[in-house]
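Chains here go by letter, A, B, C, D, E and F, matching the order in which they are written, and residues are numbered from 1 within each.
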Amino acid sequence: MRSNGRNVDELRHVKITTQVNKYAEGSVLIEMGDTKVICTATVEEKVPPFLKGQGKGWVTAEYSMLPRATQTRNQREAARGKLTGRTMEIQRLIGRALRSVVNLQALGERSITLDCDVIQADGGTRTASITGAFVAMVFAINKLAQDRKLSQFPVTDYLAAISVGVVGDKALLDLNYEEDSKAKVDMNVVMTGAGAFVELQGTGEDRPFTRQELDQLLELGEKGVYELIAAQKEVLGEVALKIQSGQPGQEV
Amino acid sequence: MRSNGRNVDELRHVKITTQVNKYAEGSVLIEMGDTKVICTATVEEKVPPFLKGQGKGWVTAEYSMLPRATQTRNQREAARGKLTGRTMEIQRLIGRALRSVVNLQALGERSITLDCDVIQADGGTRTASITGAFVAMVFAINKLAQDRKLSQFPVTDYLAAISVGVVGDKALLDLNYEEDSKAKVDMNVVMTGAGAFVELQGTGEDRPFTRQELDQLLELGEKGVYELIAAQKEVLGEVALKIQSGQPGQEV
Amino acid sequence: MRSNGRNVDELRHVKITTQVNKYAEGSVLIEMGDTKVICTATVEEKVPPFLKGQGKGWVTAEYSMLPRATQTRNQREAARGKLTGRTMEIQRLIGRALRSVVNLQALGERSITLDCDVIQADGGTRTASITGAFVAMVFAINKLAQDRKLSQFPVTDYLAAISVGVVGDKALLDLNYEEDSKAKVDMNVVMTGAGAFVELQGTGEDRPFTRQELDQLLELGEKGVYELIAAQKEVLGEVALKIQSGQPGQEV
Amino acid sequence: MRSNGRNVDELRHVKITTQVNKYAEGSVLIEMGDTKVICTATVEEKVPPFLKGQGKGWVTAEYSMLPRATQTRNQREAARGKLTGRTMEIQRLIGRALRSVVNLQALGERSITLDCDVIQADGGTRTASITGAFVAMVFAINKLAQDRKLSQFPVTDYLAAISVGVVGDKALLDLNYEEDSKAKVDMNVVMTGAGAFVELQGTGEDRPFTRQELDQLLELGEKGVYELIAAQKEVLGEVALKIQSGQPGQEV
Amino acid sequence: MRSNGRNVDELRHVKITTQVNKYAEGSVLIEMGDTKVICTATVEEKVPPFLKGQGKGWVTAEYSMLPRATQTRNQREAARGKLTGRTMEIQRLIGRALRSVVNLQALGERSITLDCDVIQADGGTRTASITGAFVAMVFAINKLAQDRKLSQFPVTDYLAAISVGVVGDKALLDLNYEEDSKAKVDMNVVMTGAGAFVELQGTGEDRPFTRQELDQLLELGEKGVYELIAAQKEVLGEVALKIQSGQPGQEV
Amino acid sequence: MRSNGRNVDELRHVKITTQVNKYAEGSVLIEMGDTKVICTATVEEKVPPFLKGQGKGWVTAEYSMLPRATQTRNQREAARGKLTGRTMEIQRLIGRALRSVVNLQALGERSITLDCDVIQADGGTRTASITGAFVAMVFAINKLAQDRKLSQFPVTDYLAAISVGVVGDKALLDLNYEEDSKAKVDMNVVMTGAGAFVELQGTGEDRPFTRQELDQLLELGEKGVYELIAAQKEVLGEVALKIQSGQPGQEV
């Protein structure tokens, strides 16, 4: 039996609160159990230098944890003067994942920055960031659509992410910090609404893992992602109708 | 008439929510209107090198804004690789102010770090940080007291801070961002429960100010600080009884 | 009795030597007792990006201490790779203070940088920097006027600064290092020739301070500033006539 | 047909030259077609602070490319003053992979640093680094064994890595730069001699990928890794006998 | 007798391998005994800001050692976040030396960057870098000539460099690491094909040196440089004919 | 004829003012014409980590220019966040030169830091720094001797430095900025009282230089150094008697 009495294939309580920031073009607070992440989407009418003049947009992400998001306090990266490798890895992952479901041509020459700030961390912060940032991004893009700045809705599918892992000899869905710290195998699964993989990152933390274990973990991940996408649809309300998995973007 | 229909000597709605972080020894979310700051207090059983072996403790603070706490997005200081002068100035101020009401000898050889992270900024973030951090600090110290690690309660007085300023030709209490951006004179007032000044920082932003204006601003500031201390007492509940303004710390 | 036999309201020996640098548009060596600061003014025909194309000028300052300006050697900030919070705070203060007495519109689209380098430090380096930098700046602006680059003299008033503080139970003017290090209250006062405040920064170093103490300190500060402005006028000679406190800038 | 006339499941020409550095405890030059990486292993009789006094060793890696390893010159990270996110991600991956086949307890309180410096890059530099660094590490560990510093051979299995990907609609093994730059799906597979996964990193660069594609890619990756391990065994010669996949380390 | 049985005026075995990098416009691996340096020349059709619009080109160099080029491992400068003084000094020297034999006007508004990466270090890495970089640069310039981008061959003379020093009481040519580490006097000599000095850097490491010792060292250095230039001519083959020591550049 | 009517072998006016800093163990202001450098010597009873426990001392130097020491203002290295290559090269040179005339064993386990801060630069700042720093260092060492902390006077000889160069077709002594900027050859000569070389750095700025030119420059340099040493002896007064060129240090 897992702490909190969860089943092996059960997500923690998921809560997505929208409109948590009065300035951002899109914003949510996503909670996966005790993990809490504020995701804000900022739209800017400019693109990075390497994209200038190509008529395409850009989606990128930044990730950070408050110093006391964790059990012991971490030094601020601003005080250290540089980002850790972990942070860089995570924010590159979030940005890459989000771009995979956005038609950058249809977005037009503008950029969206997703800031994922972890207020409290209890495992799974990077996957929660992806799941929450997707919603914030869709709200920001919907605002562009409402402002008649787009001719086609550029979000091509849903996107959510979840962690899975092997603890003891059991494959588990949605590890909290305690489970994660003793996991033998750890995997992050990022999938679309159409059920395809966007990113798959599996690590044998304590020992290598077999093909059979991989299959089990993928199955759990798929289940988790579907449930998260259901939660996303709920908070997106009628905006959800504009996203058609695997279909060309709806005209605006 | 001010935006929100406030009187010149009227604070914005003040709300202090406690226990907002499950790991920190003390934590609050302070809201002054639309300004929202999370303050966490971390206790560590060590002191900075310059204090080692002196039997005294240390209180320090760090301050940061989420990138989209403001109307337009700011680059993260971690990405820039260094703190701005503004941030350094503010966190030095917060730390200095808090230390003024703590008997470091009575705290013992341990340190308390107050992290003030601005979730949303609408003016007055540094003063809100001081007011909120004081409460988080008192909770953390009370935990030390309950754990029987202190022989005397080391908080010597209440502490709160507020901004005042001259907008047009009117002296106003608790400026929001819109008022602050057109203020001719700007002043931050940090005071104790006993009504003495801990810090006074006045700047003629647009023009120098007279002695008469200074007197008006100090009067407004004093009023604001008293109301904030009343709000602090309310959330501190019975812990408040351990703080006796201007008296030697209560035995524990 | 104070060290050096000074009265409580007596400045240290003030000496302002002009033209100490053959390249700078304006330069002075200011000595307040054993505190010695070289202030140079550099005029450049460009403005920072945020001011471009607005027809306005800019005045800014940088501050530094030689490593052995103090009793024990300090590591160079260039070797540390970043400025300390103290340095940033001081140079922001100097720049803000100087700008308060310059009509940036009348200065035209050019910038003046005041470099304040402390050769020897015996307390009061930031206030000496302001007082000295003002003179260097006026010389640099006068050179612009003589070169017929200005249509109006853009300096709107005199500006000087002094430190005051409470040592033991006495309010003192112009603290040297020894006095400063045992001061209970410490205040920097920046004022104009017209007797108005530009900046007021008071800190209860050792204990909070009362309204009555504040009043005493302000009175001492005002006396000190007037004497410093008299010293400035003397070295400015006939250039001084171009500055009319509180009046629109003289035509050139 | 692939450039170079390779089959879809065919590795580029693999060449591992040993003893390429006269100082390092172990060193190889690995060439995968035109990709060339020098891997050196440095043994130091100390461990990072977080491992001190635990009787365990450490294995870590650093990765870098010469500025002109690629078609256009890249700025040096030393000149930029910081590592890119890509470099951090890669060196974390290499270190993690190598540690998965080393019994750190049996290694004793010492550390091995694998430096992977890319002399020429034509795709697959991170996987070539893992495959080459493994050999350099085994040589360095064998030297420790020969010097009678180990009681048990701490390498628990072989380790090699290869990239696979989908180009057009074909799954390919060992992508060169040209193929990699137009790949729709990209995956790095790190496996042991026993055929288990150590790391799996799949990315839908251009579009998400299906479960069926994943299965195809894993099959190709497995084939490639086995061939690489055969190449490792050849250059390791009799040292290879000390590594028994999935068995407790041989006594020394 | 010297280690390796060399005479006091004898170079180590010199080997210059060309075309060692398939992307660079020019590249060599230079070996002086066990010292090995890869030199690549990159041509870019742009110049640094300070040269823009002047119709002149630029030649610059960067220098680095792989971490385990030496007996004990050195921390990467990229990990330290800054270049050491030694590296800066060396790369400034290499660039200055190369520019002395290039007619920057004849090169046209383009720049050549020489990357000197030390693969293995056994003394004399900076002089080997100069000697090798010269050859890489000539190949790159010859490629420009063949592409008909130059009207005149801009290399005005040969250039090579060697170290000399006093060990014990003997003046020696081309010190290896062991000799260098016990040298009392150390000198680097950079000369042209016409026998003139480009750089001379002599240091009394252990004691000052006399005029007579200087003369001896210069004689040795001259001999060494001539032999190195002979080696350069051999690998340059017919390209060598385009360089006429001390003559105006050949027309292309 | 040179500007200022100097002969080709004539130094600028040399002025060494002692005791210019009330805190430093030794201090001078050295003026070579319009070049002005403050040199302070700081004694600390500790040595860098690499020398700990060896009973030897250390001498090191730091060099900096005030931003407006030159005709146009330079950005502060503290603001840039790192030292330029030029600064590193110069401070390494100064430190190396000073150590060559100090018996570090006799100095004992303590270190002396020479800070050379250029107040105004008109050519020859690095050589002026060496000449001035030598005097500041001797004063600091003499203070140690007077405090009975040394058993032998550790300064083994005088040390001074001067620049020489070829301007037009004339070899000149002690170039000012104007001459230096058009020099074809530039050389810095550091010599001892015994007439031996400590450092020799010659650069063909505009063209290579011949052996004959080298001989001319060395002769000028020698003459200049002797005159500087005479000036040093004058300000050192009776302390000078403790330094015996080329002799074992005097007992204290």
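Note that a contact is a pair of C-beta atoms (placed from the backbone, for glycine too) under 8 Å apart; a residue touches a chain by one contact, two chains touch by 3 or more.
In this text the structure is predicted, and so the values were computed from the model without any measurement.
Engineer: Quickly list, by label, the chains bordering both chain D and chain F.
Structural biologist: Of all the chains present, those in contact with both chain D and chain F are E.
Engineer: Give me the step distance from chain A to chain E, shortest route via touching chains only.
Structural biologist: Minimal hop count between chain A and chain E: 2.
Engineer: Can you list every chain that touches chain A and also touches chain D?
Structural biologist: none
Engineer: Same or different: at the chain A/chain B interface, is the fraction of residue numbers used by both copies above or below half?
Structural biologist: Comparing the two copies, chain A and chain B contact each other through largely the same residue numbers, since over half are shared.
Engineer: With chain centres set to the mean of the C-alpha atoms, which chain is at the far end from chain F?
Structural biologist: Between chain F and the rest, the longest centre separation is with A.
Engineer: When the C-alpha atoms of chain C and chain F are each averaged to a single point, how far apart are the two points in Å?
Structural biologist: 34
Engineer: CA centre of chain B versus CA centre of chain F: separation in Å?
Structural biologist: 52
Engineer: Distance-wise, how many Å sit between the C-alpha centres of chain E and chain F, to the nearest whole number?
Structural biologist: So the centre of chain E lies 29 Å away from the centre of chain F.
Engineer: Would you kindly tell me how far, in whole Å, the mean C-alpha position of chain F lies from that of chain A?
Structural biologist: 61
Engineer: Using the touch definition from the top, which residues of chain F touch two or more other chains?
Structural biologist: Touching at least two other chains: 81-83.
Engineer: Mind sorting the chains in ring order for me, with chain C at the start and chain F directly after?
Structural biologist: Following the ring from chain C in the direction of chain F gives C, F, E, D, A, B.
Engineer: Can you list the residues on chain A that touch chain B in the complex?
Structural biologist: So the residues of chain A in touch with chain B come to 21-24, 27, 34, 38, 40, 42, 44, 62, 64, 66-71, 73, 76-83, 87, 113, 115, 117, 119-120.
Engineer: Which residues of chain E touch chain F once you look at their complex with the stated criterion?
Structural biologist: 82-83, 85-86, 88-89, 91-92, 96, 100, 157, 187, 191-192, 194, 196-204, 207-211, 214, 218
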